[in-house]
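Same chain, two partners: chain A is paired with chain B first, then with chain C.
And then the complex of A and B:
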């Protein structure tokens, strides 16, 4: 009854802020302000800037800048090199992600299953993550050397066909992919090890009593589904990092031979820093950003929906 | 349904021995609790029965089968874990079905997607589903079958864990503190349900708990464990009335049994400065220990003739009113802890804090200095029958 009577009174009152609400809002903005400003300055601002730049005709150092509409995107659409780079990037991602994810998982499972030397193996497989890829590229260049390289030596000894891996248009991208896998494996392994550690031992014991006690059954019934969240995360991280492949391309092949290893980031670098076509490079960046956003969106959706067990 | 026999079970983790020569003979269809303080080895013993751990020595037989070398799945047991150990990525239906799926479907029939169309899979899956329904209904899980464990309350998860154990109709149910994650009210309700479940299934239950109330209320027999040994294996009432060891007497019963140090004197014992005409056999030693349950005491009004032979005197230190009864805490010289008596609230109201109180008992348990029970102590000069049951 008291509620019913107070209702009209509340409705009759004009919508006025309660005393102190103003101060509260002010305090809120004041406290959140520095973070908001920094976020725009450091994260959102540059992104917006690049998107804006992609609709102009600016070249680096040019005195004037004009609105160009979608001209850069129209040019992209007709650019043979862009499509080649996109195809190469996708092929590179399709090659390195599954391989490094499953090898990383395999190594993590083996390390977890072993009794001894866990720390040693962990450190060994993690080494590529900590090492400088540029320096390691030198080693790989040597390993892939057509005559004295370790790869061809080994293949020749086994009686298998050899080639100049980094100079052959059919193999160059995958040779770079191998380096990418070698580097990504360690991080994936560490992430999977963390995921494996988080699986309660009880589940394996319950599974053993329920009849799932073989290695395969344990993996299918417990390990694999419990790794769901880790897997989504690892795949996304690896995919984004693979999309960003650049240093090995720049150092070992320079996009060649004949654009066979030209990838999005490398083309972006060339357009922006070699040819100084900043606006065109910005358009390329936007395409790249779109792919990364798509991956991140897919990850959050998957994590929210299926893989999250709460 | 089967008898479960454990003989000479020993187990060490590294240098720490956790089980010393444990032997239990659990009857077909019996409900046995393994109870004891943390670290007494009760969970390890259960895990050894389940096959999740292996004993260093000893033999386990379920029915006529020695199961020491068998993996858990071949032992015809089911286990309810303290954490429930439900598969979080499966629905309740899939959780309940898994033990049957693993047993009845071939590897090919279990394949995801493909397995459904494998010859014979359909009929078997339908049979499994029917059994899942049959188990789910009495547990109240029927409307929850398509939910995931994360969407269930603690009590509901606990039922799913029970259901998963029941679905296969094992010979022996093993339960590892299954109620410890429930709130107090639900725990009491579930206690009753598990006891009823046991009667309905007529299977052998082995139930691990540190809670003496659970052990006392549910079990046919209680195995009280301490420091890796079974101190006593007997029905609950027997454990309470006739403990074999002082530690058993102290573990079972709330408030804890009163322990009184005694020395021998002319014609009996001296207890807290008073003469008790109690005859103890020689094996009780020179410094026996006496134990008296709080409800065995009566308060003697000052100046009345001594109604019961064992008397302690002290001052009232504290009263705890529990409604149906009151606990008197009486400080007695030369007894380390206060002596607790469970008395009628009306009588307790007449006593003031700090007032002298005289407690008397005719019933007493006697132990030697090491805590081993000394057979039937007898009062001298008092009629035997009146004494024995206080």
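And then the complex of A and C:
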């Protein structure tokens, strides 16, 4: 942000404000004003409001509202469903992020390794990213159908064990995770393709002179280190998106069976909009926000340490 | 670089084609089921094409049971209004942040960056309460208003506007253009690729968003496409798969077709916005 201050125009102007400066300031505020007002009204204001609300006892539609201190957070601490939702959300993230990141990287490397069919493969893998997740979730529901679903038919044909994936508490969360991976993979692939294109070709030539000739050598000595910043970025945005898992839970399992797929946002939705406990749902939202901010903070720390390669 | 050996090229195609097939399999399955009668859908052996074509029955039933056309129109209306508003507010703001000097500019930009970190579900409860007070729940306004501002759009366009040379602005000012006119007649044309990228992302996000419409819409005729599919699934109790998959196909088709037509724009857009 400091560089914004040192625009050439700014440096050239005299220190005392020129007559035009006042007009420029007025134009700045007029042009940015509506957006600033809306930003506070629709995003920042409500975000602050949700934090405030989490310290009250308000239920939706109640005539009175009172300060409740940390009561909602104390209740959260003792809420078994909350811990279950948090564990489920973390397990979902831990399952989908590595799988979609490494599959995305693998596909990107394979696409870059040849000339034929690049456009076609890119399109195939990217297609799920733009598709309506909710409609596709219903297709997956059918694919996971215990008897006629393609998944069990294929597994049965291979002689592998089958189950009712979405109704079995041990597998339901991971069945949803498969849908998450399916949708995230293409986005990660495209981001890695951009990262791969940005690696200067002469680095590979230099590595070849140093004796790194095999594909694996080139990968370990050039590609992997140079992809560092892309990797951190891709992991962070995939993790943040995984944290927001909601659609598939809401339409396929409704948090069940027996809370096995209850995730933070789904519990927030139930508390806030089914049970109308707005303040308690606000506390859940704050926990959710804290985790997302933690991920972003971790990303900046990692990038600061790794990104200085010139 | 040496040409790759034949076995490597074959392996590459085998892996990519195999995995790629898995990626499109759900789409194939969806269309395949939408063409079949119930007894073939629940047949023990899966076949790609139906023995007895039931496409007409499934699709006409889908359109008859629920206002599918209305869902699509709602989706179009809502996404178009949202993008128009986002562009209308974000472009002038991005210009002011990128090219004008005014007190409060740095602070404003810090708040834009801060707002970028807030996931869209966080403001949901206060926004819902606000709309309830204004008696706007279950209206188009409830769907559109919260998304009229995109801090992502402001950020993206600012990054692009900063690369526009200042000489262009000086020339425009000498020609007597107002700052407002500069935004639309000088800056916008130079940043068209960025605006298209932003537009596509906005379209994909708002067409597919389910969380917010689920909260604020109860009336069937106001549903956006994803919410409409759920209304449909609930009405059919999830057993009548033929018409359900027909409905899913209809709802998914617009974005899939848009992607296939403007594929390069989509992928370049995502890349551009990620690398900034």
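Some observations on this one:
Simple rule for what comes next: the second predicted complex is superposed on the first by the 265 of 310 C-alpha atoms of A that agree within 3 Å, B and C clash if a C-alpha of one lies under 4 Å from a C-alpha of the other, contacts with A are read in each partner's own complex, and residues count from 1 in each chain.
Here is the rule we go by: a contact is a pair of C-beta atoms (placed from the backbone, for glycine too) under 8 Å apart; a residue touches a chain by one contact, two chains touch by 3 or more.
The shown structure was predicted, so the numbers you read here are calculated from the model rather than taken from an experiment.
In the overlay built on the shared chain, the residue A:130 is in contact with chain C alone; chain B does not reach it.
In the superposition on chain A, contact is made by A:38 with chain C only, not with chain B. Contact with chain C, but none with chain B, is seen for A:191 once the two complexes are overlaid on the shared chain. When the two complexes are overlaid on their common chain A, residue A:122 makes contact with chain C while staying clear of chain B.
Of the two partner chains, neither chain B nor chain C is touched by A:65.
Of the two partners, chain B and chain C, it is C that touches more residues of chain A. Judged by the document's definition of touching, no chain A residue lies at the interface with chain B and also at the interface with chain C.
On the chain C side of its complex with chain A, the touching residues are 1, 4, 8-9, 12-13, 15-17, 19-20, 23-27, 29-30, 33, 41-44, 46, 89-90, 92-93, 95-97, 100-106, 108-112, 114-115, 117-119, 121-130, 145-149, 151, 154, 162, 166, 179-180, 183, 204, 207-208, 210-211, 214-215, 225-226, 229-230, 233, 238, 241, 244-245, 247-249, 251-252, 255-256, 258-260, 263, 266-267, 270-271, 274-275. Looking at the complex, you find that chain B touches chain A at residues 50-52, 71-73, 77-79, 81, 83, 85-90, 98-99, 102-103, 148-150, 164.
Interface residues of chain A, counted against chain B in their complex, comprise 200, 202-203, 205-213, 217, 221-222, 225-226, 228, 309-310. Residue ranges of chain A in contact with chain C, taken from their complex: 1, 4-5, 7-10, 21, 24-32, 34-36, 38-39, 41-47, 49-50, 53, 60, 103, 107, 110-111, 113-114, 116-117, 119, 121-136, 138-143, 147-148, 150, 153, 182, 185-187, 190-191, 193-194, 198, 204, 233, 237, 240, 243-244, 246-247, 250-251, 265, 268-269, 272-273, 278, 281-282, 285, 288-289, 292-293, 296.
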